[in-house]
Amino acid sequence: MSGATMAGAVRPVLELSGIHKAFPGVKALSDAGLRLYPGEVHTLMGQNGAGKSTLIKVLTGVYTPDAGTIVLDGRPVSPTSTLEAQQLGISTVYQEVNLCPNLSVAENIFIGRYPRKLFGIDWATMRRDAEVLLRQLEIDIEVTQPLSHYPLAIQQMVAISRALNISAKVLILDEPTSSLDEAEVQLLFRVLRRLREQGMAILFVTHFLDQTYAISDRITVMRNGEREGEYPCSALSRLALVNKMVGAPAAPEPAEAALQAAQVAQGETLLATRALSRKGVLAPVDITIHKGELLGLAGLLGSGRTELARLLFGADKADGGSIAIGGRDGVFATPRDAIAAGVGFCSEDRKHEGAILTLSVRENLILALQAKTGMLRAIPLKRQQQLATDYVKWLGIKTASIETPIGTLSGGNQQKVLLARWLATDPKLLILDEPTRGIDVRAKQEIMDYVTTLCRKGLSILFISYELPEVLRCSDRMVVMRDRKACGEYRRGELDEQSVLQVIAGGGEQGAPA
Amino acid sequence: AKPLVIGFSQVGAESEWRTANTVSIKDAAKKAGVTLKFADAQQRQENQVKAIRSFIAQKVDVIAFSPVVESGWDTVLREAKAAKIPVILTDRDVNVTDKSLYVTLIGSDFVEEGRRAGRWLVDYAKKTPGKVLNIVELQGTVGSAPAIDRKTGFEEVTKGNAQLKLLRTQTGEFTRAKGKEVMEAFLKAHGKNINVLYAHNDDMAIGAIQAIEEAGLKPGKDIVIVSIDGVKGAFEAMMLGKLNVTVECSPLLGPQLMQAAQDVVAGKPVAKRIVTEERVFPAEVAAKEFPNRKY
Amino acid sequence: MSAAQMKPADPPRASSEPANAAPRAGFGSLLGHPLAKPLLALATLLLLDLIFIPGFFTLELRDGHLYGPLVDIVNRAAPLMLAALGMTLVIATRGIDISVGAVVALSGTMAAMLIGGTMVVNNGVPEYVANTPMALALAAALGAAVLCGAWNGVLVAGLKLQPIVATLILMVAGRGLAQLLTDGQIVTVYYQPFFFLGSGYLLGLPFALWIVAAVLLVVGLLLKKTALGLFIQAVGINPVAARLAGVRTATLIFFVYVFCSACAGLAGLMIASNIKSADANNAGLLLELDAILAVTLGGTSLAGGKFSLAGSMIGALIIQTLTYTIYSLGVPPEVNMVVKSIVVFAVCLSQSSSFKKLWKGRA
Amino acid sequence: MNAVLNSARALPGAPYFTSVVTVVLLAVLLVAGGAAYPGFLSWQVMLNLLIDNAFLLVIAVGMGIVILSGGIDLSVGSVLALTTMVAAWLLGSAHWPPAAVIAAVLVIGAVFGAAQGAMIHFFQLQPFIVTLAGMFLARGLCYLISIESITIDDPAFVAISQMQVPVLGGFLSVGALIALLLLAVTIWVSRRTAFGRAVYAIGGNEQSALMMGLAVGRTRILVYAFSGFCATLGGVLFAFYMLSGYGQHAQGTELDAIAAVVIGGTLLSGGYGYVAGALSGVLVLGTIQTLIAFDGTLSSWWTKIVIGALLFLFCVVQRLLSARVKT
């Protein structure tokens, strides 16, 4: 633990206590609290829906708490807007990227605090400053392009640099790492350590235990909207932490257990692509997926995994090659074709491509099945409710009712609903693009368990994840992508993490991130 | 010789009357061998100004137009004058400080039409002395020149007449549908107390007639109906005894306009005001007049 | 695929009954019901009428027809209700259709031109003869409306033009086409059976009302019995996600515009039949604005998504009641618009929960 | 990445290309007109485009800002009419000096707009409805002043109205110059001020703008106030142009303004586009009208059909071209 001095004498820079917040039908926070000292990285942990994001939103004036006090620097405050929170010295990166897609990268960083000159905003300076800021995070992009030109990971980094640029006392990061790869996470941590040295108080939310232990000084655990407890990082073992989050002794690595029995024979081929490609986004790719197989897709950000997935699902139309599945050969022109052929696809961008935010959990859940069944043959309401209730139970989705709008669910629970959406269509091949992004340990474990169970029952899965260990652990076979083409295929056990990293980074060079 | 070029800016095609007016002008131009540049202003003055500007740019021989509104013509007419293009008004007057900005106005007098409708009613009332007649009025579009003038003219004549009492006035926007709708409401509110309907145009009267019939009353008998324009539909209604009188407002200005334009260009003197010949058609003459109607 | 095999693995078998299926209906939730506010606004208007307009609620049976101000209002509101019906679905997909008025003019003109008709007096008995068989004429008029809708649909769903410009084109040109057909003249119809559509009575009630009820019923059933409603909302809220879930977004949007125009076409027939003529210049003028207003007063957001057909119907009734009230109260015509705008403001405010909060806060 | 790229793909072309395409198409339209009608391409006809559409340009600039912020303002045409009415009445009946009258109406417009903005913001009402009611209200208020048109004969006003500012052999009206000035200032505001950028941010994603700590409420109210201001300024120009006040002036101008903004390349859903697009949009509409006036053989209904057809042609070609340039 570098430099973090936490003598008892130091006054917390921020203290929340007795916070209550209820939404219609949900008690999101009850008697929640938090203490934050200058010069520490404090991790907030808890399962999906534990109330972490809500607590942060209360703290930063997005929501007004029903009860409770916030004390900043010894003075009680009650910010009513994010602007006010910023002015109080609280800088925040929210869970869902909250930037303006239509503005340039530079502007997203500086909006509200523009460098000025005689005749208004000084664009040149802004551009230069933005480049400098991003370079600290080792990002080298054209900052005058609109934000929407860049992938989610870059957007996340932009959001972080925006928060860093606000000279604040308190920096809050709500799951900033969920779309970053390992190297980028390390980078971020370097920056955070530097800020900690400068005396800033940092509140950090993550679901990754590794990251928690790598960076934090202290941990606050939340469960069911309450503060379960606050612990120095060194005094809490991983198992104890998980237990505290879950509220019961955790099962020993269930995914691992499920995998023990897993030794699939090379089944028959389900899907095979021949030189599948799309100009500018994907070089010709040949892959094969067998029945009941879990095929992992590894690669760096932007290596083309998502694009391959989209072509396989017909979300984008391939302009070369073909896909052979179930006797048909050709490319999918629309998602409907793919769905008809028994393909399902969970997109990596939950907010824009998955959830239909103001529709209910039930409606979101049955949407794909209904589309597959056909518009005219409505699934009877009873049956819909049955399905929804079953899946809510089965996947442990935390929701007030199946008629609650999905937008009010916590991120992890939304993801589960979307998984259920595809499971309900009984697909032959399910493409999961970062299904575990932003999901807590237990849920992640659960999802991976379902996924492997499903595989054993004959479902094939194409699995994309930024978490290499996860891919390695689960996949029967793994394809590594680099620079928008497939560049290697490995069976289980053929590679370990270190060698995969080398493949990903490009041949035998020493490219593995620190 | 080069044929005469007239630029004509029409108000729009907002009513049957207006369409008849357009047709008359186009036909007359063809007959007189005049090249007509026609522009529809879609009921907007600014479009009319634009059209007149483009006529000036095209250097037409004569500019003619039916102004959408009375006021606001000084600037553009001055430009026309500077370009030495004579201007003829049709149908409606303009309100300019300098009367030399236009040569002549050809058209009807809306106030006079209102007066005529009023006079007919005053005469009608004389037949039943002592009886008070309750009038409802269907106005044209609020703020439009014919609506204002026809109301003014009618009031001028009927005001102070103890036998004539205005019960309700509401806008029917010159359309059949609105005329019917408003008349329905009048009938529900006052029922058999209504003796007379004064409609600012035939279309509203025709709509109202339907409303009266649907209310179980006899238009033309239980309720006396006076309207303005003299379109075909009005004559048909009069022949069936459902309308009592219509005051003509002739849209057939084409021949007079061509004549005036040719005179102006030839340098002949032209009267500042050319009034179209218009009549009042009571139901009794409807059958006889019907075959002669052109619109 | 049968429903039984829809689940892949073995989720805990459903032993439970559907949990938390519907929120329990209590008085509190009744007030919170999305239709409560528009209904309340309508009720308030009617209450004012009750106080200020004598005989407002009288209904009498005359020749087997129900007759009275209330009947007038629903009768007059029928075309608006139809237009609002179509508009609701368009708005639900995040679109807008400002060509409604033009389509009304076009379809009314088509029908009137084709039917036309003359009165022939045969031995003192007047007989009405149509130029074209009425069924054919009505079909042609509706066909024209559907074509208009298809045009809008292609522009919006196919070419991806912004709905307001896409429909602006037809708004301008459509009325022009109608006028071209009629040469700018009002076409009067002399064919008795045609009048039944707009001013006939069935079982004591205006026939127009039955038409609206029938369309409402069909659409309601369609929305209930098929997944149409769900898909429309999904497309309105998140078109990208809907497409990825396998919804035919473009087709859906196309048909929604077709339906909207068809409704407008029907409304056009009604209006033409009611005034026994087609007025290409004025029929349905600004009807689109009233329809949009009705939809919003009914609680549907212009941002797309959740919609309420019943709400739109109530919205249309609010507008027509207001118009009727203005006529009956003897409001001078030059004040009409001010009154109308103030009522619209008031209705909107009464529907705003933030306003209510403020009000309570002050009180 | 693809997520966002795809949603960007779904947008009707990038605003930048659309704007360029609009300008190119406008040039094509003008050249075609010049080829078809003698005298069409004369300098003064071009300047007349500006003179005749100055008020529309001003309104479209205000509308552009509103649309960029993700809203809409239907009240502008009526507010314009109300302005002419109030101005004519103040000049004619109350005998105020012109400068005071202009100042007064501009303030009235800004307040009217701000009030609409406040209703939209504080009560979370839909802009379409609030401004639709505002449209009825403003039109209605006109008739409360007078149902007849009022002539403006104030000498100073008349003098400004008839002033011709020479420009390279042709002339422009004072109104056209004011409109161009307003356009320039607004372009600057939209590019170089925090307010202007906040407008884009709100249009791009209101929720994010709020989360980033922008004063969403204040910006929104200012946006509508600005639109109201532009509507009244447009009204003043209209009063210069027409020298009259009338309740029926400028019916349907709001649709023209919206069409101009959208044709100029701005997305109706907000966030994407340029203020300068208002100029190209207005010029396109003006050119179509001028073409029809020069043709001079169309009957009323053919005028409408041809306007529709030209609009269609323009929008479709614009859409196809910008889609092509994009990929």
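Should a chain be cited, it is by its letter among A, B, C and D, assigned in written order, with residues numbered from 1 in that chain.
Just so it is clear, contacts are C-beta pairs under 8 Å (C-beta built on N, C-alpha and C of every residue); 3 or more make two chains touch, one makes a residue touch a chain.
In this text, all values refer to a predicted model and were calculated from it rather than measured experimentally.
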| item | value |
| --- | --- |
| Subunit C and subunit A - chains in contact with each | D |
| Which of B-D and B-C has more C-beta pairs touching across its chains | B-D |
| Inter-chain centre distance, subunit C versus subunit D - centres from mean C-alpha coordinates, in Å | 31 |
| Centre-of-Cα separation between subunit C and subunit B, whole angstrom | 35 |
| Where subunit A and subunit B are represented by their mean Cα positions, the distance between them in whole Å | 72 |
| Multi-chain contact sites of subunit D, meaning residues that touch two or more partners | 3, 6-7, 143, 147, 299-301, 303-304 |
| Contacts with 2+ other chains: residues of subunit A | 315, 347, 352-353 |
| Multi-chain contact residues (two or more partners), subunit B | 13, 19, 22, 142-143 |
| Interchain pairs in contact, sorted by label | A-C, A-D, B-C, B-D, C-D |
| Residues on subunit A engaged by subunit D in the complex (per definition of touch) | 62, 81-83, 85-86, 92, 94, 98-103, 107-108, 111-112, 114, 119-121, 146, 148-152, 155, 162, 281, 302, 306-307, 310, 315-316, 347-349, 352-353 |
| Residue ranges of subunit D in contact with subunit C within the complex | 3, 6-7, 10, 12, 119, 122-126, 128-130, 132-137, 139-141, 143-144, 147, 255, 258-259, 262-263, 267-268, 299-305, 307-309, 311-312, 315-316, 319-320 |
| Touch list for subunit A against partner subunit C, complex | 313, 315, 334-336, 339, 345, 347, 352-359, 363, 367-373, 375-379, 382-383, 385-395, 400-403, 421, 423-427, 450, 453-454, 457, 459 |
| Interfacial residue positions of subunit D with respect to subunit A in the complex | 1-8, 188, 191-194, 197-198, 200-201, 203-205, 207-215, 271-272 |
| Interface residues, subunit C side, partner subunit A - complex | 1, 3, 5-9, 11-12, 14, 16, 18-23, 224-228, 230-231, 233-234, 237-238, 240-248, 305-306 |
